[in-house]
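Notes follow the structure.
By letter and in written order, the chains are A, B and C; residue numbering begins at 1 in each of them.
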Amino acid sequence: MSNDTNHHTDKHSGDVNYLNFEKGFMSWWMSIDHKRIGLMYLVSMIFFFAIGGLLALVVRTELMKRGQTIIDNDTYNMAFTLHGVIMIFLFIVPGVPATLGNFLLPLMIGAKDVAFPRLNRLSYWVYVFGSFFAFLAIYFKLDTGWTFYSPYSLRNAPAVMSATMAAFVLGFASILTGVNFLVTIHKMRAPGLTWDRLPLFVWATYATALLQVIATPIIGITLLLLFLENAFGIGVFRPDVGGDPVLFQHLFWFYSHPVVYIMILPAMGIVSEIIPVFSRKPIFGYKAIVWASVGIAAISFLVWGHHMFVSGMSDFVRYLFSFLTFFVAVPTAVKVFNWVATIYKGSVEFTSPMLYAMAFVFLFMIAGTTGIHLATLATDAHYHDTYFVVAHFHYTIQGGAVIGLYAGLHFWFPKIFGRMYNEKFAKIAFCLLFIGFNGTFLPQFVLGMMGMPRRYADYSTFSNVDTFEYLHFISTCFSYINALGYSLVLVNLGYGAVKGVKATANPYNSLGLEWQTPSPPPHDNFETIPVVTDWSYGYGEEYSDHDHNGNKKVVAKPA
Amino acid sequence: MSHHETLPAGHYHHLEPEQAYHSAKLAMWIFLATEIHLFGGAFCAFAFFRWRYFDDFNHYAGQLNWQLGALNTLVLLTSSWAMVRGVDAAQKGLNKLCGRWLIVTIILAFVFFGIKAIEYSTKLSHGIYPSTHIFWGLYYTMTGIHALHIAVGIGLIYWLYLLTKKERFSTVYYTPVEVIGLYWHLVDVIWIFLFPLLYLLGGVGAGAHH
Amino acid sequence: MLDWILEIFDFMPVEASSWASRVDYINNVITVISVFCTVAITFVMILFAWKYRRKSENQKTAYITHNATLETIWTIIPTIICFVLFYFGYTVYHEMRNPPVGANEVFVKGQTWYWDFQYANGKKSTGELVVPVGEPVKLIMTSADVLHSFFIPAMRVKEDMYNGNYSYLWFTPTSSGTFDIFCTEYCGTQHSGMTAKLKVVSKEAYNDWLNEKKDPSAEPVLPEVTGKAIYTAKCAACHSLDGSKVVGPSFKGIYSGAKHVLQDGTEVVVDDNYIRNSIANPLSQIVAGYPPVMPAFQLSEDELIGVISYMKTLK
């Protein structure tokens, strides 16, 4: 008897759900239940998030004062490299799809599991396997930055080979998830769940899965070429034998720009789910949000060159990429307007998921509008590779993707664990996190304007070092508050998962399909496959004489 | 003991057989798209460097043994044909016949390996390594990744063969044979692009040059 | 008033180049638009959320699903803003990428972890770039090893460089003084120590500095003298100086900016990178009508600078 198949033993006895229907480590490790896999991903990712976060604190502490303070240059270079590699490849790229996506996708489309549960489990195993290579890279003292730019990345072959192998293997996990989700969404929607009724989180996951399968193979071949360059010296990225380091950058960013949207699109999907529920209003402009998601996914493949404005591309290509980059701003702006319009004339409840969602809108506005500084050629010449960029992408990735993930974790927490966290504590933690985050990265915009280059272990030779030191000091102090906020969130959620008050099946009176099954859901999600008759955003429809297509309702008059 | 153990492998408790079949095919097509992207990156690099080092690339392409390359193309095409016969037999529920065709496919794959090994060892014995020139770096990389795909294919087809031994396939269930067949054809198609690109373009380009 | 608003968020360093004030102006416009949008959106969001906060469980809400007019408007307006910003960014950047003829040329070589500079008269300096105020300077840059990037915050310019290739940037300093130069492409242990100083001085001081001789015996050799020697030894057999066609194209007036048609039909204007590449990899860009027979030459960075400087003297 294999472990993944013996789940029907006591299906009908009282309080049995996916968390407790089997016990023991192997019942989790061997599980093909999408909910358990999502949870395992979540725990592993938070582990790496903590390591990456500690490395960030090391980096910030070193920069707090001028000169060498706690670590030497080489250690500093390793610290920021590993912070990037771990946060990107092990935390935020699998990110929302692997955790909440895995958990929610089948629940939201009324299916019993994803299309290929074993493939799903394989994806998690591959992820764990890939993470070992990342540790190997640490052992070999990887210090290239997470971007692995050649020819610097040809100087420490064992470290770079380990890191590229890690990213390559993790890419496989990403592709497997993407293929699985695409097929699941295409083939396994409950009867009546047409494309125009699909929840926006599912749409976002769909757009993300498309990006995963289209973009990830490119980083695969790129890192494979870099691996072989290090192993055999094939020459393609090695300028002294006629190879081209800029080619590496093209191939690298052809993936690594779309991957930003792999991170952010699901977070946008989460916000699109949360705001209607706590505003008791239909999402405003459903179709526009869907098209914006797909549009962002499409445009994201045409803009990678903005990472290379000063890398040595021809001038015409620089103009072209700048022009194209501006188009990303439009669908993202549309989404922001739609979220705000959803709140209008609603009935707003300030729960912690709602606070996170509103914080997301604010932080993402900052991320998006500072992106305009970087898309504009004249100003990018100054900002490129400075702290302005560092602050910008932390607003995008931490302020966007991570805050979005945390919004979703708080929102679906009662569904996942069947218990509630402490709401008051959650709000305190949120405030610390929010203040800490802004206090860390707003000064970095100023540092960037002043010309502070990124990846610098020290700034004591700068002419106006006092101002730089002052701003670095503020940034570091707030980074501790930020870290404290994250720790409190984890303590609160961890305690709530085990000891929290029991939650009902649908504590927010949400119309989403995932809330129409017990909390936590049973192993098979639904006793019977539900039949969907309407979209899941019909809040307040009972007060209106129109349905969501604008058609007048036919109301039977009382006789 | 649980109910889906009694169903053929690949059928899950939450999917109707029809749905499972179409899902598996869709998944394989998406996966093949990712494979094309993987090789696409290498093709881009090849195109870029061929444009930059046009004469070098023509010169080195001329050193490849196009007769052996052509022979290997023939071998792979034949193996694809054998695979098609295997799929056809599986669809008719003829497990034994299917197994035979799968073995033919595997044998041809090993013939491909043999010829490839001759080519590699000849080049290496002449002192031509991946580091000799970017052309050779890309030649070894691209044919190497392709060979890796052949090796994976051999493993998968052998697994199918074991399933035919267990009489697993029937007129209503032959999904694995069909999707792995798709994979095998893609590996074949990629070679059909690699062969002219690496072996034949040299002659044409060089001719145009003089 | 407008200026005051624009400069609230201006933390840019001192404006010391001809376009610095224009870059800052664009930057300030973008910043003010950004801050305005962010504050406005956030304000409206909080206003709505507070005004429509839940006061009772049965609070009625408006069933609004979409509004085509509104959505069209807020799609079109950001699009227009983006076009305008692109255009402004483009115009100034276009100037940044097109150095004027006759700019003072300085060759820059980045290596782990310091900067070497070589001036028109062969003078060399390390860690200190000296230029005259008010005159355009063009930096022709390469790297001896890994990627580096040359960044002068006060001039608002930045460009990467890599081994075996020339990249360039230019600027016209408008005020005297000493400014920071940073390497902004990560390059290893001492990346943060790979800084240099830009000294902008008066024309007289510049000339004095250029011609000062610390050690009379080590008088700098003019690069074009080195270049001429290399030409005589290695190039003269095939490339004439008088416009006559020998084996390869003549070098006469080769830097005039005229277009050359290559064998594959593309047109090129001879620049530093073209020459560099033609020496290292001649067959990659054969001029139409000439046989592909030139062998590759391995020249040192100094020799390359010599040949290029010499060719620029051939009017």
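Rule of thumb we're sticking to: contacts are C-beta pairs under 8 Å (C-beta built on N, C-alpha and C of every residue); 3 or more make two chains touch, one makes a residue touch a chain.
Since we're looking at a predicted model, the values are computed, not measured.
S.K.: Which neighbours do subunit B and subunit C have in common?
M.R.: The shared contacts of subunit B and subunit C, listed by label, come to A.
S.K.: Which one of the chains is closest to the middle, using the mean of its C-alpha atoms?
M.R.: Going by the distance between chain centres and the overall C-alpha centre, it is A.
S.K.: Look at the interfaces A-C and A-B and say which one is made up of more C-beta pairs in contact.
M.R.: A-C
S.K.: So what's the Cα centroid distance for subunit B and subunit C, whole Å?
M.R.: Comparing mean C-alpha positions, subunit C is 46 Å from subunit B.
S.K.: Express in whole angstrom the distance between the two chain centres, defined as the mean CA positions of subunit A and subunit B.
M.R.: Measuring from centre to centre gives 35 Å for this pair.
S.K.: Going through subunit B residue by residue, note those that touch at least 2 other chains and give them in order.
M.R.: Where subunit B meets two or more other chains at a single residue, that happens at 52-53.
S.K.: Where in subunit A do residues touch two or more of the other chains?
M.R.: In subunit A, residues 242 touch at least two other chains, as defined above.
S.K.: Where in subunit C do residues touch at least two different other chains?
M.R.: Only 281 qualify.
S.K.: Considering the complex alone, what residue numbers of subunit B touch subunit C?
M.R.: Residue positions touching the partner: 52-56, 209.
S.K.: Show me the residue ranges of subunit A that touch subunit C in the complex, using the header's touch definition.
M.R.: Listed in rising order, the residues are 73-74, 77, 143-145, 149, 151-152, 155, 239-240, 242, 245-246, 279-288, 310-312, 315, 318-319, 322-323, 326-327, 329-330, 333-334, 336-341, 343-350, 358, 361-362, 365-366, 369-370, 372-373, 375-382, 384-386, 446, 449-451, 453-459, 461-463, 537, 539-541, 543-544, 546, 548, 550.
S.K.: What part of subunit C is in contact with subunit A in the complex they form?
M.R.: Residues in contact with subunit A: 10-13, 19, 22-23, 26-27, 30-31, 33-35, 37-38, 41-42, 44-46, 48-50, 52-54, 59-67, 70-71, 74-75, 78-79, 82-83, 85-86, 88-94, 96-97, 145-147, 149, 151, 153, 156-165, 167, 178-180, 182-193, 195, 281.
S.K.: Given the complex with subunit A, which residues does subunit B contribute to the contact?
M.R.: Residue positions touching the partner: 1-5, 12-15, 19, 22-23, 26-27, 30-31, 33-35, 37-42, 44-45, 48-49, 52-53, 129-131, 133-134, 136-138, 140-141, 145.
S.K.: Using the touch definition up top, name the residues of subunit C that touch subunit B in the complex.
M.R.: 281, 283-284, 292
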